[in-house]
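What follows is a single structure, written as structure tokens, with notes after it.
Chains here go by letter, A, B, C and D, matching the order in which they are written, and residues are numbered from 1 within each.
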């Protein structure tokens, strides 16, 4: 999930596809599914399984905290907010300030959840859709690559 | 199937394997099975299907003449007498003489069925086991490579 | 010498640069798009950083992403390869501003020589022969048409910011001029964001010859002979050869000396190429300068024994050139064939797809530069280059036979993927090419004659 | 020139010979065993003939099968490659009797120089320095023991018909002599059907240096410099280098001249190699002649630019050599690494199996000779050689770095298949090798020191 603009219809289709097939793909690998990458237009689909052994910094398939009680649509639908560019990830507007979001926060589509600094320019990172923050993946002040996961959200379509 | 000496037990095992699996292998290719090569000791197994289109000089899976009425064990068991060396294949002892064997002849294991001439040496080609000649594959006086089929036999274990 | 070099490119050239860095003990960081995540350069690099999506505009053409990645990785230099940002004076300036050495000429030199109209003015001052044409960019269609009339048709209208054969229009008669002028300006704006164009005499049957130079920051400039690049499709090179066949060595030597003098005058540093066209009478005319490593540099390496990337790194690090002009001996003949995923029968249309079987040629005096192995996806996002096959031999006849043999044994197979392998062999066998009587129109001549 | 050449070999050398034949417009017929039915040489050949089963005795070592195939295919010449029948005077005679030109020296020359005891006698007559030892084959254990006492221990007992490091026993003290003598005779009978052995001084810490020559049937003989082949395991070469490092060029030149004189005296025709050992004081001693192309010929090709197979074919066809001694200029340094399917940790035991993934190195001044691609079966029937990686550079330091880089990027993967890639890199990095102080005992020294 990137901030690359896409036709909404196609995006919905692809998300739907991922949800429906994730479990089956998970069974296909000897280790748990680690990442599903779907690019549209050129239709490049990448499926990556975890390396065997202790899990690293990869996002877990299930949220660590189950404090999101409202209409949990299940672990397979966890959404990742990924880095829209290479740079340094900051969780707050300035050093010492409160982070834009914390675990458990409900964020709206388009809401700022962090900053990527690249060449002294501060670029806002926005949530792609509505959801509740289930995990902070990238630590404050760390360098991130393009498309690297920053936060995990559980979709939240209720009120 | 070559004239390479092999322990009889192993050879029987391999033949048994080929018979049991031939039909299944035949189904696997889009064209009819052309050749199954099984080498023992190093266990190299080669399966070759006919090229699509009109059949060439390859041995047919079934005998052309059905004049072998006695205990026909079915087409899958056709045995090939192959060239034990590279050279020129002759069907007769000398030009103008009667061929060693003709289609329909019953040959005994060890019976001479042709000659391979290599560097002016005439090498006898012998049948590996008892059987009835169902097809002459290599024409008289033609160059043949090692392991190239010369004759097809239908095994004949009765009296 | 540098500690860490960031390679800001992809495909075979990323691998090419990485190889020399490795051999020199320099740490390599490969900046890559999502599409190149599993490329051999990424696999072999000491570190890799994903800088953007497949679209070049957001990855390999994105100065901010590349500089950020270089700083993140602690790189002290950036190698831009060819294409993408390799000739962008702005990128050179950004690198400099962030304390990164861009492996290439100084930003000012790129700006001066990369602008085609300015380069032409410079060439006139430097005493290089140029084709008749306008003085600098045309101020308008009417003035440009007068220039065209003065030099005589055919003429070519070129974007001053152009490159790669794009935003260039050949005009054969005055009636077509104004429309072509406007179209080229529009194309120049669309492609390069710069409407300036200029007019020059066009040679229908010309040979394209270029001189390779190396220059250090201590004022030493040498040339490494010339390459013939006349076999082109859609103004892009297919086959290159050194030395240019049927060209007197005195002519090559003279062109080399002229080029060295001009490069010194321009304050050139690094590896560079001065391009010329030769008319039917053998007269040379300056066309443009490429301020970077060329795709076809391997053939110069094969005849000189000099690793051009190594020299690029050395001079960028402030070291003097490892070779004086007298140390450079060109021996034998070398030919490069560009193997592309494209269909010659459909106007060399790229044919992206997945390459399933890939067995490159090998053996004596045969070099293959490729980023492809089995199961490599060739995407439509980038140049369709699959591999460069370069051969060397003591003479041209043997080099042609070797190139033919190498192409013949190259196996590339994949659903939907076409290659130009068979077409390249046809060129090698063509009588005009065999007798070295070919010009840049050879491919068009071949395509207009139906294959028997 | 020949119309059709039958290649009576397999693996990379079959492909190597085929490539040059192709380039010279010569039709190629590849004779192959059932195991090599799907090899690239068979695929690329104009014609192929299956001559026998996998067992070499009935295929590649079977003169009748090869000659019959050659006559069947209408070949006018046979190229034996290296190993197998390449140094069999009987095979050379059979070819001749059937009107086939064997690409190699005349049968009489092979007979004279291929017999180690006779070659030693010849060397003495030709003025080549030899190691102290017996005059001809030993007549019995007692006489041989007296020779050993006279030259001083350690000594080596060698089969006169031997080759490839087999039927050779090093004896360190008199008490062990008789038993070793008898064992070597038995081995010589078993391997070569010839019980004759001879005794020679053995050098523990020696360098193995060989001189490449080319000779035509018009009396012209040239040398192409020397190769150092001291890195050996089980007396078989692993890494070869030219020129030999740390050896004065005057020594190499002198050895070259001695060798040319001896080859001329022997009536040599074709490509050949004279092998020498150098003791700690740098003194050279003749060991043997290889009457064929060597595995390691690519490094000589890389420094001289001469295609040795092409010259072999030319002189076998009666043409004069294309090069005089003055035309031969050796430039730079070249190193070959033999990549084998074997396990260095288990005494270099071959590890046959199927290679699933195979990505050879590429790039500047890097040559790969291989018959392997993805899904190639390495069988126990033949030599475990997978690929030869040869590199060139202007100097030794760069050549070592390049070889290291090339080995590092070589990907070979398959169930059960081990390679010596990592071990080769260890050798390249070893201080003794770096400083060119290594001898033929280097690998043993490395193996006796456990890997950290």
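Just so it is clear, a residue touches a chain if its C-beta (ideal position, glycine included) is under 8 Å from a C-beta of that chain, and two chains touch if they have at least 3 such contacts.
Because the structure is predicted, anything quoted here is derived from the model rather than measured.
> Distance between subunit B and subunit C based on Cα centroids, please, to the nearest Å.
That gives a centre separation of 60 Å.
> Approximately how many whole Å separate the CA-defined centres of subunit C and subunit D?
42
> If you average the Cα atoms of subunit A and of subunit B to get two centres, how far apart are those centres in Å?
Distance between chain centres, rounded to whole Å: 66 Å.
> Give, as an integer number of Å, the spacing between the C-alpha centres of subunit D and subunit B.
Distance between chain centres, rounded to whole Å: 41 Å.
> If every chain is a node and every touching pair an edge, decide which shape results: line, ring, star, complete or other.
Chain contacts: open path, no cycle.
> Give the pairs of chains that touch; include all such pairs.
Touching chain pairs, listed by label, are A-C, B-D, C-D.
> Mind pulling up the subunit C residues that touch subunit A in the complex?
Those in contact with subunit A are residues 34-35, 37, 49-54, 59, 64-65, 67-69, 72, 94, 98, 377, 379-381.
> Sort out for me which residues of subunit C touch subunit D in the complex.
15-16, 19-20, 22-25, 40, 44, 298, 301, 305-307, 309, 331-332, 357, 359-360, 362-370, 373-374, 392-394, 398, 401-402, 404-405, 408-409
> Which residues of subunit A touch subunit C in their complex?
Residues 2, 4, 37, 39, 42, 44, 46, 85-88, 118-119, 121, 143, 145-148.
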